[in-house]
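Each of the next two complexes has chain A plus one more chain, namely chain B in the first and chain C in the second.
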Partner chain A sequence: MNAHSIAGILAFNLFLLVVGVAVLYGLRGWESWGELLRLSGFAYMLGVAGLGVIFVIELVVGVDLSLATILATGACLFALAAGVGRLLGRRLPWVKAVSGHLSPTAAIFGALAVVYSEALFRSGRLAGLYEFDGWAFWVPKAKAIYFFGGLDRQFFEQLPGPSYPPLVPALEAAAFRFMGSPDVVTLHVQFWFFLIGFLTAVVGLLAPRVPSLLLWPPILLLLAAPHVLGYALQAQGDFLLDELVALAALLVALWLVEQRPWQLAGAAVFIGAAMSTKREGYMLASCVAAAAFLASWHHARILWPRLLLACAAAVALTVPWRVFLVVRDLSRGGAEAGGVGLFAHADRAWPSFRLAVSSVFDYHIWLIVAPLLLLAIAAAASTGAWRLSGYALFLFVLAIVAFTWVTWAFPSLPITKNAALNPIVRLTGSLAFAATALIPLLLGAAWRRGQEMQ
Partner chain B sequence: MKTHVASWAAVVVAAVAYPLAVIGGGGPRFPSHAECVHPAKTDGNLEAVFGRFDSTVRAEAVLRHALEVGFKGTRIESDGCGLLEVTLHGIPTLLVGQDFIAEARRVGFNPRLEQGTP
Partner chain C sequence: MRAGAHGHPRKWLASGLLVISCLVAALSVGAVHYVHALSQLGDTASSNSSLSFEDREIAGGNSIVVDQRAAYEARALIPATDAYRVAVGPNLREKTELTEGYVASWFTYFLMPRRPADDAQWVICYGCDRSTLRGTFETRWQDRKGISIGRVR
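Moving on, here comes the complex of A and B:
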């Protein structure tokens, strides 16, 4: 670690934020500068997702990911998003003052979150690259992009996980460019930025909709979860996948309630990025989409075409990578057992299910995030927030089914929570993160409806 | 308005207090030589360290020479303190270690017997 690397990574993340602000402008705009400040985390994550997806497409078509390319890509996306915003008639607010209202409750929780993030930064800035998948293929891929410019054929074919899309290695390589060297120690700080971006995005999106007392505790609960404390800054794709999926799940939930187009458009961007991050992204995206379809069953004629359009847009973002796998004759990353192979391994079904459920509810991994989600669903349902509670419940059930399928469909995976042998614990992170984003919304809906009933 | 300012002030104070408290406790300290070298005192998990170097070239030169004279299994490792050590693991007892040191001295090396780190 050195000051040069830290300054470089800070500049890279400012760059992501600036591009993301333009994407936010194209998607929804803002009515005041205070609102932009509140949504800056959301904007940052839009920048991460948007630029990440474009970097993947550029690598696929053979563009050298040099510093000039990265800056030009950001400038193009900025101009495109700003142009779309102008076309849609968005205007910047006239008032120059920034009014950021902060209640005493929010201030207390916010102060705790700030101190936590500072402590996490302190642990991340000198973290070594010890995690197996990190040094085995995530970071080597990033180094290959940094040194060779693109997806070196032989190198990428021979590393583990050749079917994994290169969104994370591309972002890591871009971070290396800004740092001026492949500094794998300071690289951990990049994952700190992702986590903080996710947290501020959730807080920014929910702050006007949920009282502080219901918003912050679930977020702090996630931050205190042993798995987050221990592994959140690992230079791998798992946590970024969780963050992208959770933001998509939250935006879909908001869309089901409020039906603002930007919410669905934002969800499509995050889902597209999630599918470009890891193979599991397809499975988790399917869970979010299926839950949304099921929860909007009664208004299918109005809502389903829009949902289908968003799904098609998200899938379209991943087509280049899928074509690339076919052209280079690489593994597509399908299940070991194949389609009907599941029946040949029927004896694994029940143990796989038990493993999935016990991982999600394991206090030593996720504390009480899952039970709290179920309580929040029950609270929202009891006050009549059917669509929101139904969506969250469908998402929970589908995620459990998906986690079960992973262990069941890969017979080489032993039935264990040992992260070196079975990815189940890392997988459940997507549900824990999504739960953290949904719990405040569910509790807020229950609280609001309770107030109305009184 | 006063509450609003106080709320922001509380966040700023917390944000500043933590780094100040950390700095107050002293900056990061690099391990001293004594903390990096663990002289052999008991049997088990011993290694013969041929030297510590700050450059790969120098470490590789010593390694090459050690292998040439027959110390098979000698390798270069990070010592955890920013230096590269040329070392031979697998020495079971202090007695065997002392014999090894004597043998190495006869061919021009001056290795040190150390307790291996777990």
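Moving on, here comes the complex of A and C:
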């Protein structure tokens, strides 16, 4: 809770950014320094996802997550990504000046976002660890990694949620290393960085594709949503999962329209990280992948092999953790009523569906994010942007089905939005975040195509 | 005149109306809630900064541990490399509805790197029946609420 901790966490996030910039160079490169500045949020999130996945693999194979290991891992990933970039013939821009144009609209909305960010930072800066899941297992796991180096057998078997992959605890432990102590109060600032990284990534990716007036309002709407205000900085995995899934969903959407390889590669990294964050990551990743397959049905011969390759790469990143669960004979985290068990609890199907839909559309949780997504899908569809609107619609429907399944397949969960009893509200965050990233893209496509029709 | 100018006027109008509806809805709802959000975040920041160091550090444990001093005394008395156990019993004079169910798991979080162990010599006794502790309990600290910390010999 002191300046030393703040300086440490700032250094850690700069470290994530630097590594992420190298990953961006390997994946895509940039044509100007202004473009790198615009994509810095995307680069930061690539650093979070890339390093997070590698930390999990290192922990699984028994590498202690000391400060030296963390720095060496970052250096190796930096060198590898930079090497790949050079091999692919990427060059750094010659012009040293950062050039860029900021419209008055973008400046106004950007200023509003900065004011919000500052208020959010202050609200989390001195927050205590109140959340049950936070002190019951997310932060104890991070402390265990910090104190004992690796996946301590006692704590990782006895704490609740042994099947949860340790990406968030590993990143929290790394933040503790940079802070010099397990400062659980300042740890909330780490989740502020994740949220700001996500927002700047979405803005950076969409800014050249969508007019500012269509880009910013959905983003500010999400920021003002009651659930974000109340829970965004909790030291748990839920919001990072939402952010990773949403970025993957956005990159897949961009890839469906533009088919640039870096978009699919980036999506694979984020999907892999999402699946290493929480068990629900597998389910949400399946929704994104299935929506992409369905939306690209008419070009299956060309697009599906690439999609399959990306899916295989993302799944490969999670294999070490699954092997670890088997080797240590830990719970795999399957559904209570998996398979035919669903039919034995058929009476829960309709209430589970109603709960999922009412949570997604609950004004007091997500304001009007879901109705806005449906309107945006209709707008894009009305101009013939079928692939994009179809993808967004499939994603929406599949997510609702997945949320329904969660309550249905776990009969011990009561039919309620009470977060202490049922995770449905936390789950719907992934769709709300993905919607916020997709709405501007859909509106932008509708607006552009509408103007072409005119 | 561009091709398609007469072919899609209705579609163009429909999509334009949908886009503008989205924009108006997002801006109006967002504007109202943005102001509220800043106010709420400011209130949270004020509330957090007005907490004492202990209230902030114990945080979720404040509704469980009954006595903050018990947590700090446990951390001071039990060496970082030693194990401990939390024993809960009927002699607790003050408790919350969460104390009995969650005090052990909260201490697991708070006292790390100390490890919880069923046969540990260090005991954090929450109104426990000392005759069940398998040895002589040497009290090192206690309060008037029925909480004590000590070693079993």
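The rule is simple: the second predicted complex is superposed on the first by the 454 of 454 C-alpha atoms of A that agree within 3 Å, B and C clash if a C-alpha of one lies under 4 Å from a C-alpha of the other, contacts with A are read in each partner's own complex, and residues count from 1 in each chain.
In the analysis below, a residue touches a chain if its C-beta (ideal position, glycine included) is under 8 Å from a C-beta of that chain, and two chains touch if they have at least 3 such contacts.
All of these numbers come straight from a predicted model, not from anything done at the bench.
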| item | value |
| --- | --- |
| Simultaneous placement of chain C and chain B on chain A, clash or fit | clash |
| First (chain B), second (chain C), both or neither touched by A:Arg449 | second |
| Contacts of A:Tyr282 with chain B and chain C, given as first, second, both or neither | neither |
| Partner with the higher number of touched chain A residues, chain C or chain B | C |
| First, second, both or neither for A:Ile368, with chain B first and chain C second | second |
| Touching partner for A:Val115 - first (chain B), second (chain C), both, neither | both |
| Partner chain in contact with A:Leu102 - chain B first, chain C second, else both or neither | first |
| Set intersection of chain A contacts, chain C complex versus chain B complex | 112, 115, 119, 122, 126 |
| Touching residues on chain A, where the partner in the complex is chain C | 1, 112, 115-116, 119-120, 122-123, 125-132, 134-136, 139-140, 143-144, 147-148, 154-155, 159, 182, 184-185, 213-214, 217-218, 220-221, 223-225, 229, 367-368, 371-372, 375-376, 378-380, 382-384, 439, 443, 446-447, 449-450, 452-454 |
| Chain B residues touching chain A - in the complex, by the definition given at the top | 3-4, 6-8, 10-11, 13-15, 17-19, 22, 28 |
| Complex contacts: residues of chain C adjacent to chain A | 2, 4-5, 7-9, 11-12, 14-16, 18-19, 21-23, 25-27, 29-30, 33-34, 36-38, 40-42, 44-45, 48-49, 51, 53, 55-61, 105-106, 108-110, 112-113, 115 |
| List of chain A residues in touch with chain B within their complex | 100-104, 106-108, 110-112, 114-115, 118-119, 122, 126 |
